[in-house]
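After the structure tokens below, expect a handful of questions from me.
Letters A, B, C and D name the chains as they come in the text, with residue numbers starting at 1 for each one.
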Amino acid sequence: MQSNQTTTFAEQINQAQHQAMQDDPAMLAFGLGISDPKGIFGTTTGLAESFGHERVFDMPTAENGMTGIGIGAALAGSRVLMTHQRLDFFLLAMDQLVNNAAKWHYMFNGQMKVPLTIRLIIGRGWGQGPTHAQNLQSWFAHIPGLKVITPSKTDAVAAQLYSAIMDDSPVIFIEHRWLHQQQCETSQIKPLTLRPEPVRVHKTGADYTIVANSYMVLESLIAARKLAELGIDAEVLETAELEPACWQPVYQSVAKTGRLLVCDSAHTSFSVAAEIISSVTERCFGQLKQAPLRLGLPDYPEPTSIALTKHFYPSADSITKKVMMSLQRELPASIQDADEHHSTRPHDVPGEWFKGPF
Amino acid sequence: MQSNQTTTFAEQINQAQHQAMQDDPAMLAFGLGISDPKGIFGTTTGLAESFGHERVFDMPTAENGMTGIGIGAALAGSRVLMTHQRLDFFLLAMDQLVNNAAKWHYMFNGQMKVPLTIRLIIGRGWGQGPTHAQNLQSWFAHIPGLKVITPSKTDAVAAQLYSAIMDDSPVIFIEHRWLHQQQCETSQIKPLTLRPEPVRVHKTGADYTIVANSYMVLESLIAARKLAELGIDAEVLETAELEPACWQPVYQSVAKTGRLLVCDSAHTSFSVAAEIISSVTERCFGQLKQAPLRLGLPDYPEPTSIALTKHFYPSADSITKKVMMSLQRELPASIQDADEHHSTRPHDVPGEWFKGPF
Amino acid sequence: MNSLLEHYQNMLRIRRVEEAIAARYSEQQMRCPTHLSIGQEAAAVGVSASLTVKDKAYSSHRAHAHYLAKGGSLDALIAELYGKQTGCTGGRGGSMHLTDLSAGFVASTAIVGNSIPLAVGNALHQQVQKLDEISVTYFGEGATEEGAFYESANFAALRKLPVLFVCENNRYSVYSPLSVRQPESRSIVALANAIGLNAIEVDGNDVEQVAAATAELVKGIRNGDGPALIECHTYRHREHCGPNFDDDLGYRPEDEVAHWLARDPVTLLQQKLLDLGASAQQLEALDGKIGSEIANAFELAQVADFPNPDDNERFVYAE
Amino acid sequence: MNSLLEHYQNMLRIRRVEEAIAARYSEQQMRCPTHLSIGQEAAAVGVSASLTVKDKAYSSHRAHAHYLAKGGSLDALIAELYGKQTGCTGGRGGSMHLTDLSAGFVASTAIVGNSIPLAVGNALHQQVQKLDEISVTYFGEGATEEGAFYESANFAALRKLPVLFVCENNRYSVYSPLSVRQPESRSIVALANAIGLNAIEVDGNDVEQVAAATAELVKGIRNGDGPALIECHTYRHREHCGPNFDDDLGYRPEDEVAHWLARDPVTLLQQKLLDLGASAQQLEALDGKIGSEIANAFELAQVADFPNPDDNERFVYAE
């Protein structure tokens, strides 16, 4: 279905890795399945063939040890990229990540660096269930010394990944599974060496600020279109980097609109959304016309059955509904029940391309 | 120095465990050093002697495996208490905690329970440094299915621990090392079977709401006394349980005072303080007279040298200063430089009783 | 021959269940990642022959065979795959989170290696409470690469806990061969012995070998001699996750595949039974009976109600 | 005798450094948790004899001996304990986070077992980059209980990485004897061999044994034969953390303590040297020289400036 003019999110991730491996001969890439026939949803295809199995390799099922090995190689002078097919598996490696990678440059007084990037894929739907669908972005963001990047759009993801890899600090790179097939024209692709924007403004608007990251950016943009039809001019911003110091554009937007909804792709409490709201309130209290709102996942694990996930993930409709209600505006009948799923495809798959099971 | 009338935080923790072991013959208690001559800062002394080494035992240095073993025993019908001398060591066990303990009751549809309590001790000062002083309370609070208790006062800690142990859900029990020697009259001790309050009001006041937990409650109470001298009537609340649904008293207090400072004993960004501020703003926006503020640890690891930690931990003086400044009031000379340490003891020890090294 | 016939019945039943799942998976009504055990039935059945209903079993992502061999309800399994209220976790856990407490099948989990410590913890409870039962933990050879396996085995050996480790070595973790994960010199039994488990390896496609070895190990465990490990060499016939054959991908050498398919545990046992004088009709009758049981389970699953999402907030905490 | 004398000098220097730390620790100016290696010097010195400055060493909480034996700056060590700007991490890491890159001592860390994978990762870099150097990882027997050890050793063996594992088995983890942590049957070398390391054990208080065994193992490693492990049986004389003797607490059997104190590695070697004809004066002169070096290091540390907390925000991220 793809013409020469279009490319996908997964392809872009693939290209960024190819370029980085080429640009830095001391770069290593490893992870479970990285060189297998499926190549991590196509994102690592061809790497081992191009750069050899010494630099691109599959590994034992040993997330903690292998993370430490990645850190050690990075300290020694390799540039390291690790990939995990699910963030959930990476929970085994928190000691290495937090006690070593994040603090190393600091606690050794700047004498060593950890050029390590860790790609973590977030599952959703098709029965991923309680232990294959967690996004713990707020955990990583809470740890000083880690950078956290949460890409959402095909045009920028290659530059984001390339710059993460080339960064001499450890970077957590969180990819939502439902983004991999997202298309874009190749002409729109940002050059790899362009410094990615920490906050991206995807739509300007005067009435309402909607902040989202990762997959929720897509839903927010659909919502903004619906809101426009309903007479609300929403501004949609993406916090692609989870670092309050970089969020100036968010503060500016709220200063303009006075209204804020933060869409989070993780559990709602103690979340990135809480930090955004708290940071905004601190800086823009005088300009706020109403309480900032958030819309995240409920505070329970993702159940497996399709019957139980219908309302688990906020959608464009639920965003629209939340905004309209906060403005005390009438909801059109079409989204009265925002929780109903309107698409023709089942709600637990991202698109026709998804055939299960992962 | 102790009379019959007084008891310490450590003793109370010890007593709660004795009582629980006695009340539930199927209770197990284990952890590195639990039965050694120092008995985890005296908190586990006598347990092995009273209940035998089969039920109370030291363990291999294997935090992840042993946590899973605790969960398995709990699933089978034991009531389990584990203790870690530092929270930092427990990072090895996040998979077992999050993927198993927290979700089990939920993902198996209520058919099994995990009566597991995990005591985690937070270090501070005397060169604890980057990997012996972390409080990741916001991580645990973010995970559905975990309860998080952060005691601060000797009068309630036994009841808090006892109820955590007797709870059929997994509970993270975070003890700040600087609390262990805190004294209190035995007559003030809450009965073990009293249901502990999730939010404790330690001082009422009309002008300002100060919310804190764990060790920061002590500093907040000193600050409130100073503020009183300066004509500010502060209310001091403790969020002893980290669960927004339980924070009604906080919302009520802010509705009354219109002003909020949250003191956090962890890194400031993506913190419990951010959740409290976000939750409060959501519920009390109309009553807020000014932007809610927070005071936490800076977003870098605790350095080791005493020369570097002077300003690392917020103190009563820095709380006082923050409140006064937010009210645009003059600061008395004595706390002009709130960051200077005024006590006669070095700033990196909790009191005379502390002789290092842990 | 009686016990052999019983093994055959159990293995064939598991095989037919899995084949039925495979056949209907593409209907997209079983919407969860599903790892089939086709080719590995002998391990589950051979081990279960030494277990009682009081013994407690834990397993991994590839758990259907262990669950069924331990006596887990077929109806509840199929309903779970369909995400129904009548599923063994009411649709919350799916194929990777099975349980049937009435059968002593405690749970399977989806994170590699992370149910091993649970089984050891169960054994700790059994030992301290002096219960007349043991624990069993099923896992693949990939799981032995996880520190969780090692730490659990060490503690089990330290405390001489009543737990049997069952390692099904099917040579692959997803598409990854042993050669990229474990040193060539590796012997899982030698390693387990060095940790302190009483370990033996068997042809995991020969149910008699599995059953005999397990019987001996379990006798020792019940005797208080401490934990043991059985390594069953075996092979999965289909893709890692999902219903299909995937040898077109070429990740497994053709002769290796051919070798193992020729040693299919169900066929081997069937041949043996015929050699021993069982009649083809007798075996076919068995198959027919199993077929109706399975058809019935699918029928029930399909007509059952979906769980009610209004209950989604229940059971976050124990009540 | 020349190499023995060198060993002696290195061991005695470490001993005297640690004794000086112990003597002054109660002044409360070295304000960080400090784990002394007194009694365990032979392992560090015997291993280092086979290392060049290009080889990279990693260690644990108990790292002073490894750091000094590898050639780490004494002045920077003492200054670090005093929390000074001139310390090897400028006061940020303290005793548990030592580094001297110019000596090839990369780092020690405070979490049990968590520097082992780092050394293996360093060896991966060395192998891929075809560097003419190896990695070394020092740890206690307690660390072998961590999955991190096991996972690292497996990968090192899988890839035949140039890394030497040095396990100092001093029989205790804090106050906990081996009996509450590892099964009685445990042999760390047997276990390491089963994982795939070329492993041997030696009397860790006999520097000659350590040096000879290391030389052989390191030869194989440099040869590309893959990773190795040396287990050094030894004993710490003082408390786990801090400057004092603590056998009044009674956690170690008296006869065990007596046995090991009688086999003090420094005294053993001194006796041997005397037997071989070294003069008491010669050895005393050595001691005297070491004494002045140490006195000077403490002097420098005490007069050095404290680091400036205004720089506290530097180095959170690489610049």
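Criterion: contacts are C-beta pairs under 8 Å (C-beta built on N, C-alpha and C of every residue); 3 or more make two chains touch, one makes a residue touch a chain.
Being a predicted model, the structure only gives us computed values, none of them experimental.
Starting from the defined contact criterion, work out which chains touch chain A and chain C both, please.
Common neighbours, chain A/chain C: B, D.
Please report how many Å separate the Cα centroid of chain C from that of chain D, as a whole number.
Distance between chain centres, rounded to whole Å: 45 Å.
Roughly how far is chain B from chain D, going centre to centre by Cα mean, in whole Å?
Spacing between the chain centres: roughly 36 Å.
Any chance you could list the residues of chain D touching two or more other chains?
89-90, 92-93, 97, 109, 111, 145-148, 150-151, 154, 158, 180-182, 316
For chain B, give me the residues that contact two or more of the other chains.
Chain B, residues with two or more chain partners: 59-60, 62, 64-65, 88, 91-92, 95, 99, 106-107, 129-131, 144-145, 299-300, 303.
What is the shape of the graph in which nodes denote protein chains and edges denote touching chain pairs (line, ring, star, complete, other)?
Chain contacts: complete, every pair touches.
Okay, in this complex, where on chain C does chain D touch?
145-148, 150-151, 154, 157-158, 180-183, 185-187, 190-191, 193-196
In their complex, what parts of chain B are in touch with chain D?
32-33, 36-38, 57-65, 88-89, 91-92, 126-132, 298-300, 303-312, 346, 348, 356-358
How about chain A: which of its residues touch chain D in the complex?
Those residues of chain A that touch chain D are 26, 28, 54-55, 59-60, 62, 64-78, 95-96, 99-100, 104-115, 144-145, 147, 167-169.
What residues of chain A sit close enough to touch chain B in their complex?
On the chain A side, the touching residues are 64, 88, 91-92, 94-95, 98-99, 102-103, 106-107, 129-131, 134, 136, 138-139, 141-145, 242, 244, 266-267, 269-275, 277-279, 281-283, 285, 288, 290-294, 299-301, 303.
Using the touch rule from the top, collect the residues of chain D that touch chain B in their complex.
Listed in rising order, the residues of chain D that touch chain B are 28, 31-34, 83-84, 87, 89-97, 109-113, 142-143, 145-148, 173-176, 180-182, 241-242, 249-251, 306-309, 312-313, 316.
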